[in-house]
């Protein structure tokens, strides 16, 4: 196996107004949940699989006890307005160098497929267990802001304050070298737990953008399970609030950014 | 020395229905114990040694105060039905990239030797100190399941839940590119200690598969030593159980998998 | 994108007695604050941008929600005596190898621009929250010591005791292969916080060296904000001093240096 | 600068029965102390300097505030029987791969200089603060054992139990590919502190091997300073011994080696 190996499942791909949606594991797995949901609900077709030395040396075991080498995959979902190419996967790169190499590959594939726009999906960690039905955006081209606001995306100065780390951010950054419009859409989430509820909020925005209708049933079910856990965590939090906190200096004051 | 160096001890290797067994260090060292036991009991012949930048920069010291550079080695054990090639070693790769490169090499060598099937041996961590005479399996080809069940291997949906990390899993995954049937056989073990008792369970299965008879005496002796330690650990555990546990949320609920 | 990518903004750069000032993130962000302040106040012109696999896979988000891939940049500030090339950036390399490769690139660019001298700017961590208006120096050519003392730089035997880690030190070290005079100028700082006050001390020295006059207003404002935090931290420290310390052995005694 | 850069200080080196002594930083800095002492006392001549991406990105500052890029260096000390080539340095490689690459280089240089034997010097960590005037050995050729015993070196089965990590061990291991006799000589030391006293014990053995006489004055002075610290540490240890220890299981029982 080479450093990065692309296995084509479908040859001679012809796409109609193609757009790339990226939903890899990350904060609250919000992006992953949304993109995988799209792939399932829109009966997507697999285009290719990507294997790499930059993924962990790991296989996953399925319900038949068959193993699958961890990878990233691209699917295509046909909708009326656009063919949506969805990039999903088990892991992001485990090395810095790998992040750059894999994202460069993703953009090369995007160019090959004639992708016109990229949406990377992720979570925005609030540190709060309280649910907020909000989707935050960042773009690589200021002209996208007004358009995305119409679909319900919020924009806040310099947010996220720590920037965007990983494929969701890097893909936008590397578009500098490829000239593709790209936006990162982030569902607000605690950052502590897998968050199917935040994924629903983000999915709503995606549906508006693509003018499609998707059953959110499976996400809702998972959301209900997580809510029970959140409720229990909040109880614990409440109990701990009884105890006095010592430091008069808040973490924020000390954020080490020039 | 190159990045990976293969030193051939025996040239022009001709093998009879060869099968590869992999027993490298890992959970409970179960796989390592079994494979090394086979090598000793079946009077195996060394085929080659593998040295690599991806192993730790370390030498081991033997009973004569002579050092050996850490490596992986392949031996051949002749049995009636099969020639068993055993891959054993001091370490697995210490880098992600090295895991992929070394496992790719192991498969190249397997192809060269005409290997028809691969069994990687490992431990399945239960987190419990209670002994369980059970061997769990995962395969890269669903057709192996029924066959292995006959030898006493259990199969459980999606288990291990976190997948299989390291050479035991990766070798199965990389077989995708080589078209060799492969199974991972895991002895159940606490995950905290070297476990010669679990190794005995796994060895029993191996003996059935290859229709061979092996003296388990040395493993039994080591098992008895470990049992004393386990007994003491259980006492400690028992004492600690007296103390109340605070968190009402179990770790499992929070497992961060999308 | 290649491992290191240099994007030239201005071609055919002709410089007058050029000097390189390096102010990358580091201890107290002292060097970064000073160099960025120079770039702003002297209306510097951007020469080039450097992107690399050795920076984190991250984008920053600006006030318009537009992202910028993290990078290092070179600007030129024209002053009467010298053209000051300023190297600033969001991050230093996140790998050891990257430090060497990027610093080698910086020196190659310095040679190309005909740089006659290099000043790397940094912070010297004292571990004390008390402010000290002092700038410490280290050089790669002993002849610079007397000259820099005239500008108010202090020199202390074997200080910093742990050497200088990162680009500020490495650039001086690598000059060995390029034959450029270079000095590292360090503002004394606690090491715990961003320190605009120490940056002011260092800026004063820089102004003397280049015989320029710079408005320190913006740094002063930031310094006032930080002073409030420092005051609160000192209170906490004072409270903790009430408690007895146990170990009769000081950390310094154990510093593990041959 | 290339990945590894060798700067020759002395060309056309002709050596008489040359032997390589390696004293890089490590356990108790015992090896480093001895080799640097030899270089000083025998008025050694510098042969070459080695710089590498695999050393930390760091410079050290000398008593004149001049910086030196961290490196490894080879010196030659002329004695009656042998020319001793001494390899000393500020750091060992900070990466696994770098350890292999640098040690391979050291052996290539040893071959070039016609080295007949290699002694790597190090410390053997006992975990005890009690001084023991003992030097332990390990060899890459069993024939060296009897010879070294005559010089006072002890040999113990399978010791050190965890093998020898770093250049001291790896150099012996890599001799496999070069056919040079090599021994690792280790002064017993606590493992917690720089240990000039253990270095004296090791130096005594070296003097016997090479039939030379060396002033141990400077080492003795440093040893006295350290003894004060050790005395204080022992006091603390004594105080803590008053407290009961909980776990009935000793660390040793759990050592995770197959």
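Each chain carries a letter (A, B, C and D) given by its place in the written order, and its residues are counted from 1.
Rule of thumb we're sticking to: a residue touches a chain if its C-beta (ideal position, glycine included) is under 8 Å from a C-beta of that chain, and two chains touch if they have at least 3 such contacts.
Chain labels with UniProt names: A, B, C, D = Proteasome assembly chaperone family protein.
In this text, all values refer to a predicted model and were calculated from it rather than measured experimentally.
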**Message:** I need the common contact partners of chain B and chain D, sorted by label.
**Reply:** none
**Message:** By mean C-alpha position, what chain is farthest away from chain A?
**Reply:** D
**Request:** For copies chain A and chain C, work out whether under half or over half of the interface numbers are shared, and give different or same accordingly.
**Result:** different
**Request:** Please work out the Cα centroid separation of chain A and chain D, and write it as a whole number of Å.
**Result:** 51
**Asked** Between chain A and chain B, what is the separation of their C-alpha centroids in Å?
**Response** 36
**Request:** Scan chain B for residues touching two or more other chains and write them down.
**Result:** none
**Prompt:** Line, ring, star, complete or other: which one describes how these chains touch?
**Reply:** ring
**Asked** For this entry, which pairs of chains touch?
**Response** A-B, A-C, B-D, C-D
**Prompt:** Can you name the residues of chain B that touch chain D in the complex?
**Reply:** 1, 3, 5, 25, 29, 32-33, 36, 53-70, 94-95, 192-194, 229, 232-233, 235-236
**Prompt:** Residues of chain D touching chain B in their complex?
**Reply:** 93, 96-97, 99-101, 103-104, 137-142, 145, 155-161, 163-167, 169-170, 172-174, 176-177, 184, 247-249, 253-254, 256-258
